[in-house]
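So that you can tell them apart, the chains are marked A, B, C, D and E in the order they are listed, and the count of residues begins at 1 in each.
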Amino acid sequence: MSLVEWLGLLMVLFGLPFFFLGTVGLLRFPDVYTRLHALAKGDNVGLGLVCLGLGLQSGSLAMTLKLLLIWILMLIASATGVGLIARTALSRGVRPWGL
Amino acid sequence: MFEIYVIASLLLMVNILVGLARVLKGPTAADRMLAAEMFATSAVVILLLLATVSGEESLVDVALVFALLSAVTVVTFVSRFWIAGDSGKDRRAGGDS
Amino acid sequence: MDALVPLFDALLGALLLWLAWQSIFAADLFRAVVSFMIFGLLMALAWVRLEAPDIALAEAAIGAGVTGALLLSALGRLPRERYAEAAQHILSHSYWLLFWAPVVLLAWFLWSLEAAPPSPPGLGEMVAIHQPAAGVDNPVTAVLLAFRALDTLLEIGVLLLGSLAIWSLGPSPWSTGPAMPSPALPAMARALFPAFVLVSVYLLWRGSHAPGGAFPAGAVMGAGGVLMLLAGARPWLTGGEQGPWRWLLTLGLGTMLVVASVTQFAGYVFFQYPSDWSGRLITLLELAAGLSIALLLFALYLGGQPPVRWRDRGWQ
Amino acid sequence: MIPDLFQIGPSLLFVAPLFAAIAAFVRPRAGAGIYLVSAGLITVASLALVLMVGTLGAWRMDLGGWVPPLGIGWQVDGLSVAMLLLTALVMGGAGVYRVAEGDAGHSPLFWPLWLFLWGGLNALFLSADLFNLYVTLELVSLAAVALIAMGGRTALVPAWRYFIATLLGSTVFLMGVALLYGQHGSLDMRLLQGALGPAAIELLASLLITLGLLLKGAVFPLHFWLPAAHGRAPSAVSAALSGVVVTAAFYLMVRLWFGPFSPMLTPALALALGAMGAMGILWGGVMALLQRRLKMLIAYSTVSQLGYVLLVFPLVASGILAAQAWHGAVVLILTHGFAKAALFLSAGVLIRSLGHDRIDRLKGPGQGPALAWLAFALGAVSLVGLPPSGGFMAKWWLLQSALAAGAWHWALVILAGSLLTAVYLFRVLGGPTAGAMTPSSDHSTRAMGFTALILALAAWIPGFVPIPLTGALADTWGMP
Amino acid sequence: MTFYLLLATALFLMALYGVFASRHLLRRILALNVMSTAVFLWLVTVARAAPGLDPVPHAMVLTGIVVTVSTTAVAVVLVVRLRASHRRHDLP
């Protein structure tokens, strides 16, 4: 295996824990707003690292671009989605934890 | 290396299984929706890992479609079902809508 | 690794069973719908495990797109009471036969399954032999648009008929605009729309030699339309009698009917493509079907006949 | 090169209604005109096919030139063309009735849906491929549910019940098809014919398919959805549903159990199917007797009359005069379709001119247009099975077979069912014959009554000229 | 592959029970959807077990998915209409 592939594997392995932490947050955090925070980490950082890592290993430009596109799409969706849900929750009167 | 990816996808499945607790518990609809979004991301990663393991390129297309359409579900959720200003329902964060 | 794959299958199977149970029997209706959406998500993984990426693609495009949006929208129109009596037994008078007959039959079948495991002969070899004559590289496309093209014609007919049936029930039941003015939503829709077009064109192009084709492409495009609608864009599709859109909705079915019947006058049998033209005709059919499917799925989502003139909301 | 009529004829039956549906959707104002032109074309083509099969014999088509099991096959034999003719006359007649009714209050989407229903039915009767049959069944159900819902607010619940029942039926049907495909790698009925044996999986598959069809055909314990759906729909739609759509399920049962499934038709199974039919005859008859609204009465009568078709299984299984029983069942499907359509259409005329269909208030003088009552009476006589109507021929053949086999219980059921039919139909007819009838008042009511009359007369044809019909039917593949 | 056949059978039976046992109309639609998915799962498993990966069931399932989408959409809209005009969303 080449150095680039090792690097890729390393990035994937670094990315995966974000998902497990995201689930821990989803289960343990006290309200919607904090859970949104936990979710966004998995979506953005975890998926980003996995996509980059797999892209490094794929060795084909088209595949790498596709993986990057997946990450960007997920970023857009999760950024807007998190904002919309938080806004809606506030306007529906879901009280943030500790207030 | 591929064994690691298979183990990783297996762990992600366990992750989904554990996360289902949030779908069960709620309490608000948004919590359940969030968990579903989380699973969508996990499924994308599982698909990407399996694509690498099997060398089947079309699995990346499936992941691409999931990534593209994950926005549709959330936006429908907040504009058709869990609508803003429909207050009083979630005041104590216990009443499910 | 050999031990891991059955473990993966077992975990997937357990999750699917649990989610199916939740989507049918969960006390809370929204929980049921969310479970059903997750069920669809994991079914895509099952299709992948069974080496059917084309079905995974279709399931992903439709489940996460129009079906999910439709279920959520309908749920928003229904009263929000809790449903405690999730699984009431209403197996009264005449239902018993219908319910117990298949149960007994299938139980008996399971018992006999071990004795004689099914050994499917399949048509894989026959498709492989005749596929060059159909003029496409993807065997599934060859089956869909050459060998069993009548099924595909009727399938597009069912889609068109579904929209007509929905329209005949009345005007669209849900308000169309965004529920909450948010600057992020139109911005996102504008950013994503090129991606929707790009991905569906890509899927249509892939279809000739790999999993993809008219249906996933159309489904992605239709879901893109739903997103634009929710973000406040004014749809092009209207309920009036004028305009090109009625033609476009019927384009897929019409093209297939024309292609199927015209060749008869040149001495071919019904639905036979002249051999030199086969590949090109199939591409034409895919294009027409893809365009119609996108519009038809969007029309299905509307849930009723669109207004003759949409209120001009513009970009908020 | 001259187009081949054996190819053009069936494909015209398939293509014409779908093209017309598209045209009627794109140009809604011309809907009725488009319908009339296409209906004429399809009816002529159906008649031509009957003549061709009667004189030249049955044939098959391999669509696209792909030979099954790879491709989809169509069969054009006696049974198919008989059903196609039934469809053409009932759908054609009921459509003309709808044209005569005028445009007031009609959805412009009626014609596209109606033509889709017709196209789906034609595709169903032509198809010899089990999966293709599933798709056509779904097409027919979707069109039917939308048409039922056009009956207004009270039709929504019946439409829903029908939809759930028929969707469940389709899914169970598809499960059976999937099992068969797994075993044999083929979906073509003729290819499956030789291949199926009495193995467990195949028996299970055939039973699942039959269960789905029993649900779609509203056979006795599963009839719960039918009366309200057929009673609440607009009259033209009720005529099409009772006359053709429900019978499609019976057609498939006859086709399958005397075709590919025949090795599995054990006496016990035949007895079970016959018993369900007999229960349906009696139960539907009693329920019809108890109805207070005319259209509900006619709808329950469908449950009762179609029960006769299931008697064909034990009668054929007994082996004596089997062909007689088979012909009787098929002719019963045809005459019932015509007579029932006539009944629903004349009920529609009565509702239009009297404003209600309460049976107790139908009695008395001056009750409505004579033409509609005439059509109703003629249809009723055929439905009861009095000579020399077509319904008589059908029931007579069934009875003969039962008597020859010494099956007294079936003979008794046949006679009791006819007696019940006579009682509930003449309960309706008892009123107006006592009073004076008025000639049809306006032009459109007259035209509507006239279409009902023509359909009622069609139900009498087999009583007078049985030979050509049985001649065409004789060339049916798989006939006992 | 027997595993997936068993899974399909279990899903089919569970959904069949659900169609009868649930009162809410939307739930029945979900049950019918699970039921047809079970049939599709059966077909695809059969295709996988056939020699050389049989594409015909794949095509059948793709057709079936489109048909299911249309019928589901019509059923969902019918439920919404029923609720609007009859104030009810459960029927025996």
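The rule is simple: a residue touches a chain if its C-beta (ideal position, glycine included) is under 8 Å from a C-beta of that chain, and two chains touch if they have at least 3 such contacts.
These are the chains along with the protein names UniProt gives them: A = Na+/H+ antiporter subunit G; B = Multiple resistance and pH regulation protein F; C = Sodium:proton antiporter; D = NADH/ubiquinone/plastoquinone (Complex I); E = Na+/H+ antiporter subunit C.
All figures in this text were calculated on a predicted structure; none of them were measured in a lab.
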Interchain contact steps from subunit A to subunit C (minimum; 1 if touching): 1
Chain labels contacting subunit A and also subunit D: C
Two chains joined by the most C-beta pairs in contact, as defined above: C-E
From subunit A, the most remote chain by mean C-alpha position: D
Chain whose average C-alpha position is farthest from subunit B's own: D
Between subunit B and subunit D, centroid-to-centroid distance (C-alpha), Å: 48
Whole-Å separation of chain centres (CA-atom averages), subunit C against subunit D: 31
Centroid distance [mean C-alpha coordinates] between subunit E and subunit C, Å: 13
Of all residues in subunit B, the ones touching two or more other chains: 33, 35, 57, 64, 68, 70-71, 75, 77-78, 83-85, 89
Where subunit A touches two or more other chains, by residue: 69, 73, 76-77, 80, 84, 87-88, 91
Residues within subunit E bordering two or more other chains: 12, 46, 50, 54, 56, 60, 63, 67, 70-71, 74, 78-79, 81
Chain-to-chain touches, reported pairwise for every pair that qualifies: A-B, A-C, B-C, C-D, C-E, D-E
Residues of subunit D that touch subunit E when the two form their complex: 131, 134-135, 138, 141-142, 145-146, 149, 153, 156-157, 159-161, 163-164, 167-168, 171, 174-175, 178-179, 181-182, 185
Subunit C-touching residues of subunit A, taken from the complex the two chains share: 69, 73, 76-77, 79-80, 83-84, 87-88, 91
Sites on subunit C touched by subunit B in the complex: 1, 4-5, 7-8, 11-12, 14-15, 18-19, 22, 28, 30-31, 34-35, 37-38, 41-42, 44-45, 48, 53-54, 56-57, 60-61, 64-65, 68-69, 72-73, 75-76, 80, 82, 174, 178-180, 185, 188, 192, 195-196, 199, 202-203, 206, 210-212, 216, 220, 223, 226-227, 230-231
Residues of subunit A that touch subunit B when the two form their complex: 1, 5, 9, 12-13, 15-16, 19-20, 22-23, 26-27, 31-32, 35-36, 39, 42-43, 46-47, 50-51, 54, 57-58, 63, 66-67, 69-71, 73-74, 76-78, 80-81, 84-85, 87-89, 91-95
Residues of subunit B touching subunit A in the complex: 1, 4-5, 8, 11-12, 15, 18-19, 21-22, 28, 30-31, 33-35, 37-38, 41-42, 44-45, 48-49, 52, 57, 60, 63-64, 67-68, 70-71, 74-75, 77-78, 82-93
